[in-house]
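What follows is a set of structures to go through.
In what comes next, chain A is part of two complexes: it sits with chain B in the first one and with chain C in the second one.
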Partner chain A sequence: MYATPFRRLMLCFTIFITPSTNLLADTPSDASQKRGLNIAREADRRDAGFGDTSSQMAMVLRNRHGEQTERRMRSKTLEQQNDGDKTLIVFDNPRDVKGTAFLSFTHKTGPDDQWLYLPALKRVKRISSSNKSGPFMGSEFAFEDLSSQEIEKYTYRYLRDEHFDARDHFVIERIPVDPKSGYSRQEVWLDKSEYRVWKIDFYDRKGEHLKTLTASNYRQHLDQYWRAETFEMVNHQTGKSTELTFTQWQFQNGFSDRDFNKNSLKRAR
Partner chain B sequence: MHTYNNGHHWAARYADWVIRWRWWVLLASIALAILAASGGRFVQMNNDYRVFFSEDNPQRQAFEQLQRTYTKVDNILFAVVPREGEGFSANTLAAVEQLTEQAWQLPYSLRVDSVTNFQHTRADGDSLVVQDLVENAIDMTPTERNAAKAIALNEPALAGKLVNTDGSIVGVNVTFQLPDKSMNAGPEAVAAARALMKNIENEYGVQVRATGTVMLFNAFFEASMNDMSSLIPMMYGVILLITVLLLRSVTATLATTAVIVFSILSAMGAAGHIGIQLTPPSSAAPTIIMTLAVADSIHILITLLAGMRRGLGKLEALRESIRVNLGPVFLTSATTAVGFLSMNFSDAQPFRDLGNITAIGVMAAFVYSTALLPALIALLPLRARQSQSATVGDRTIDRLANVVVHHPKGVLMAVTLVSASLLALIPLNELDDNFVTYFDESTSFRQDTDFINEHFSGIYQVQYSLNSNIENGVSHPLFLRKVHDFTQWLRQQPEVRHVNSISDTFQRLNKNLHADNPNFYRLPNDAELAAQYLLLYELSLPYGLDLNNRLNVKKSSTQLVVTLKDMPSAQLRQFAERGTRWLQQKTGLQAHGVGPAIMFAYIAERNIKNMLIGTLVAVFIIAALIMLALRSLRLGIISLLPTLLPAGLAFGVWGGLVGEINVAISMVAGMALGIVVDDTVHFLSKYQRARVELGLDNNAAIRYAFNSVGAAIVVTSIILVAGFTVLAQSSFGMNAKMAVLTAITIAFALVAVFTLLPALLSLCKERQPSHLTLSTTDSEGTDYVRNSV
Partner chain C sequence: MFYVSLKAQLRAAVPALLLWTLLAAQVSAETSELSGSVDLQSRWFTQSNLYAEQADNAYSVAAQLDYYRDWDNYRQRLVISAFARIDSADAERSHADLSELYWWRELDDKELYAGIRQVFWGVTETVHLVDIINQTDWVEDIDGEEKLGQPMFSLLSEQAWGTVEIFALLGFRERSFPGPEGRLRDARVVDHDKASYQSSSGKKRIDLALRWSRVLGSWDIGLSHFSGTSRKPILKPVPGNRAPVLAPYYPLIEQSGLDLQKTHGAWLWKLEAISVKQRGDGRNTAVVGGFEYSIFGIADSAADVGLLLEYQFDDRRGRRATSYQNDLAVGARWRLNDFQSTEVLASASVDLDWGTRFLSVEASRRLSNYWSLEAEIRVFDHVPATDPLYTIRNDDYVQLELRRYF
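Right, the complex of A and B next:
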């Protein structure tokens, strides 16, 4: 599938609610599962074919007592036809990690491939781990929140419709397939007209409300692809929050696989 | 006696009034009790140990500052104890794995650290492999399990914390984020944890034990519940027994019980209205109120029954008893309330609450025993059994009076000798507020904590926050070196079982990223390298096992968590101060060790100064009350010694026998003072009346006081000692020790009032009985309690 690492945040799930002929024969839960999956597929379909993107990222981390700190990165994404996207992130700030570059190949099933270039060591190190639920750069975002949201990574269920901010939304539930996920489930709000994700509630392993993500400032690129500029993640249990902003979205950069390999990591700075 | 005499006119009119309007008095009493008791619905338990520390307590402030910077450290530490003594058998590891997995489900859990989910890092070519140390234990080969054991025993993050030195016990530590305002979050988490422990025990045949601050919250909660549910019924039993034995009357027993029940309902209800939350100390209030309330009723009933035996009718005897006792019961209630109110000087809210609830209860007991009690007696049938003539007790008291009167100097000498030797033992008392020993060995908290302390890991956690003062400064080699040196120093201290330090992580990563070359197990010498290691490491960590518990948001400071073995709080204070000094001298860093154990270690120190002031204020007020009531400066001053000395002697005995005092014991002086002064008041008032009204000489007046009030003083003392002995059965050490010391004080007061007080009276003769002219009323009726039992 084709997604920016961060694309699915802003994204898109579909619902093409095929007026199923045998709908009546289905149990309600079968029907809602099918509908949920269809919504996810439609969102995915609408974002397919974007090719590649690049953007600037800034994260502001806050604790409940107002202490805050900032991280800055650049990111590039290359869409893959039959697998998860390839992503390259270069860290600009804090200063002592400047030039550190992170490459990740998301896979539809199984652990992702990840490499990190450490400029102080002048070496590329492969990270061999099935963990991606830890905090990204100490923020309230886990890498699993940011990486490409392949359809296969969840099971789905349509919950209800909800109207707010002058938009009609589908609310779907998705349950991570990966047993190492930090979440037991998520509730996702997508608007009915464009299948953009406006809000996600994350529930922890014991089913308690952990975090809420809200997206804002969506812009459409190439007359098709919607990208949000601001994501706010609030942790309800610790009172910490992270604001993540994307600026300078660029499409059609002409990236190829050669820009996303171990050698390209060292050049990335 | 001028005041009393006026009082007696008034008291007689009051007695008539109560008897006349007995139905209305009864109804009004019931209405008052219901009104007050309606506050009972607001009474809440507060299980947070922080309630013992005021908002401006410096140790609490430091601790909360730390909790704001890093994640909270409220925890449950599980120890999985296999029967076969092998912590790394397939079965034990499977049990730990499942416990780890399911611990994420515990309510309010934030983080689960265990031997199995420990994120082991190693090099594999150019890869950094990060994975759980143990995964699918059942499928692991013995070689793999032995390898995991070797890693665990050599891993500074685990050894001494989650695995013991020989690998025979393996642990899981769960960190909780308990909501601030919720009162039942702790017990809820513990209930779930216990169910989980039971499951694991049944499924794997291992033993699971648990300690930690969340278990501590719960132990406080259970201590309060236990005290309320077992001590109060026991107290009822004791009181019924005493009243039946002393009064031999169903009606009298019933009336006494009614006074007690109404007093407790009113006090606890009033506590609810005021918004007092129940804590283990304040949940002792009902038991104490019962003890004190029964004394009031007994005084009135004994006079009443004695009057009836002398041939008075019931109402006549009742009127007489009220007339005689209203003043004294008021005075003794007031002095007792003053003693308890002195607890308001404490820094610890639970003791202020205990003092206030009990003071309310004591005054309620005064109201009910002088209104409800006579109304009930007037309404119900009452018969007085004929009493035997002079008992052995009476004869003993006579003999004692003779000895004291004839050899006052000898008695005083003996008292001085005994006192001096007991008082000399006071310095043997050491302040010790070890929150583990607050709970006696019958509690599961104490049993598991002792076990874990002895066989597995430490139980006290002290945290140090080391601040580099620059953003991302934790990666700076100079700062890391300081953290490392402090970590090493801590590990050399005999009290230390484990230190969790970020410097270990940096050394390990440095080795891993140099192909696991052991020569690189050292700190990275470059800030950028260290920062990049950290970035790499953070990217590889799973959900919940992040570095938020060790680094702040800005990565400018790091938290060291030191686990200590069990030790007296004096040693803990000494350890904490040693650490702070070492840091300052060797690294220039400023940090204080903080944590619940440290807060308790300083609690007594912080309270005792305040309680000394409180006790002095109580002494002053009580002495003033006595001088006013007896209208004699001389008697007021003489009264001070037998009132103050008993507490001193009790502390001496305690120093000789036990030697450890906790914060609750600092409350005893003020509290006991208000109780034991009653003996002195009774004795002096009899003496005074004999001198002034009966015109007896000094020695005769002393004998008169012995004869008229001696037996009653013995009886009340027995009741009080019995009551506090019941409270001493509490499984909560603060309450139990406080009760024992109070009981000892009351016993000494009994001795003092029969020896020291008359000897002083005999030796410090009045120049002349100057208030003779003030005496106006007839003499007989002014007795407090003139009958024997």
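Right, the complex of A and C next:
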């Protein structure tokens, strides 16, 4: 029932070059890896320095019979200089989890730190962050889809260019570094002018096409930072889907590290 | 009984309310919210009662109300939480509590609390040794996780070397116990009018507590000390009006506590230890430690399973004995991760000295955004006369709870 929100969900990519990759000769595949990395770095560079954000999140979960249910949350994010972001999410709906709050410190390498506040017991509990592929609040978004997308978490490869919706895109492949990831690989579409992510295809551990994410309603904040307001995740294997919307994006809230610790988690409302 | 405690609580809350009224004048950015829930609970006891007045079934309705208000650009807050239950069988279980009524204020690197609060300390699942600020609401649940509000002043300070909290606990809350008609009790009923205290100030004594806590990478560490009236009474048999009753005696204690958790991948390693010195008596030790291990995505599904093992030790004996003096608890939590957040927690504990087995199954499922359903089964098996649980050996029960949030 917990996860981190999309900070620069797919907007930031970095690269993790393994020693063996570096030793490779300058083959075409090496060139495509460099190009993939450069695209990811550029997307990351363009979103760096955003400082902090807050937003309201709403999810509509649908199954193949057309039944649907809703989730509502609020999230805050604080950018870190040399590490992954810190994120705090407070759940509002469904009502049985209202007041539950989730704190996450993402790390560029190694496991994230996560705590959960359980309001009925007034208890903060450190939880395991190794549940990468599990569903977030019963939705089609896995925890790893929602956590801060640090560059070091994938290796990259440029695949091709593609034109649709009146935009030119790069298509890159990224492969999760973490063996606990639920994915063997992802294909990501970024537009060439602003390096925004418009679509991601997810492939499961067996290499089968599992999910497709599409982003829409991008808005630019502070004349620099693009944030999508709508993400639609469709699971092709189960027919289920989740629509996630972010509203009331706010930048420059003046958050500090003290707003993202176990003590402030207890007070989160 | 509950009128008295409510009155005492309100008296203690007056300073907080006064401060709030004074400060609420400088209102700026402000948020407030009122929410709550109502639940219907049925308990069916599957075995016949051991003591004549006890009922076989109990039906009750409970309500919870929560309010908060932020002002002064989120640097000040007022919190109010109230709880009440009406029970068909046990008059003592029909009770109300003002579990929170406090004012919070953020200062530069400090935070001040004044009023009635609930504070939880600790990391383990089966026993909460370190957790001592609040009195246990025993009639609510025998798991020791339901608490009564504690009036206090407390100051919190965040430093580079950890978080320090100091507490002045104003006024003592007595533990709740079932009445004659209630199950899950001793053969003799606890008579609150016969409560006595080691402290000459009785219930008015101001207890003190101090806690330091820190996160160091994958470690969560807490050290605490409590100086004051024990939350756990010694129950002494005394003559009553008709039959013998139990008189609660609350001794003065010094209790030092350690809580530690190491998070490593899917493993959570946990330890809680306390050293308790009762005034005029010896020093005792209690420890609980073990692990929680999670397996995510069972058989390619969305479900996950958490496994739990904890060992409990306590060297308090005689009237101060606990039921977890040398016990092993195991459990499994199965989460479906479906739309309804269906969840089942099964646990069993074995007393390694007496052979007593305690089995518990808890299941919960969301029915809609506003409704949820919980079921609970508790079984006491193989309880020898030497075990403190002997008097509740016939109190196995099945409980259903339907809750509506508003």
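As a convention for this text, the second predicted complex is superposed on the first by the 247 of 269 C-alpha atoms of A that agree within 3 Å, B and C clash if a C-alpha of one lies under 4 Å from a C-alpha of the other, contacts with A are read in each partner's own complex, and residues count from 1 in each chain.
Operating definition for what follows: a contact is a pair of C-beta atoms (placed from the backbone, for glycine too) under 8 Å apart; a residue touches a chain by one contact, two chains touch by 3 or more.
Just so it is clear, the model here is predicted, and its values are computed rather than measured.
Peer 1: Will chain C clash with chain B on chain A after the two structures are superposed, or do they fit?
Peer 2: In the superposition, chain B runs into chain C.
Peer 1: A:N263 contacts which: chain B (first), chain C (second), both, neither?
Peer 2: The answer is second: A:N263 touches chain C but not chain B.
Peer 1: Touch test for A:R126: chain B only (first), chain C only (second), both, or neither?
Peer 2: both
Peer 1: Applying the document's definition of touching, compare chain B and chain C: which contacts more of chain A?
Peer 2: Larger number of chain A residues touched: B.
Peer 1: In the superposed arrangement, does A:P111 touch chain B (first), chain C (second), both or neither?
Peer 2: Touch partner of A:P111: chain C, not chain B.
Peer 1: Between chain B and chain C, whom does A:A166 touch in the aligned arrangement: first, second, both, or neither?
Peer 2: In the superposition, A:A166 contacts neither chain B nor chain C.
Peer 1: Touch test for A:G138: chain B only (first), chain C only (second), both, or neither?
Peer 2: The answer is both, since A:G138 touches chain B and chain C.
Peer 1: After superposition on the shared chain, which partner residues are touched by A:G182: those of chain B (first), chain C (second), both, or neither?
Peer 2: Touch status of A:G182: both partners.
Peer 1: Is A:H65 touching anything from chain B or chain C once the two structures are fitted on A? First, second, both or neither.
Peer 2: First partner only.
Peer 1: Mind checking 41-49, 383-391, 545-553 or 743-751? I need the stretch of chain B that runs into chain C in the superposition.
Peer 2: Of the candidate stretches of chain B, chain C runs into 545-553.
Peer 1: Name the residues of chain A shared by its contacts with chain B and its contacts with chain C.
Peer 2: Residues common to the chain A contacts of chain C and of chain B are 61, 63, 67, 69, 94-97, 121, 123-131, 133-135, 138, 182, listed in rising order.
Peer 1: Touching chain A in the complex: which residues of chain B?
Peer 2: Answer in residue numbers: 68-69, 71, 104-107, 109-110, 119, 124, 126-131, 177, 471-472, 475, 513, 526-533, 535-536, 538-548, 551-555.
Peer 1: Chain B touches which residues of chain A in the complex?
Peer 2: 61-65, 67-69, 91, 94-97, 100, 102, 114, 116, 118-121, 123-131, 133-138, 142-143, 180-182, 204-206, 237-238, 240
Peer 1: Taking the touch rule as given, give the residues of chain C at its contact with chain A in the complex, in rising order.
Peer 2: 31, 33, 35, 37, 68, 70, 77, 104, 111, 118-120, 122-123, 145, 156, 158, 163, 213, 215, 218, 220, 261, 263, 265-268, 294, 296-297, 302, 304, 337-341, 366, 368-370, 372, 403, 405
Peer 1: Going by the contact rule at the top, pick out the chain A residues touching chain C in the complex.
Peer 2: Those residues of chain A that touch chain C are 1, 61, 63, 67, 69-70, 93-98, 111, 113, 121-135, 138, 182, 258, 261-263, 267, 269.
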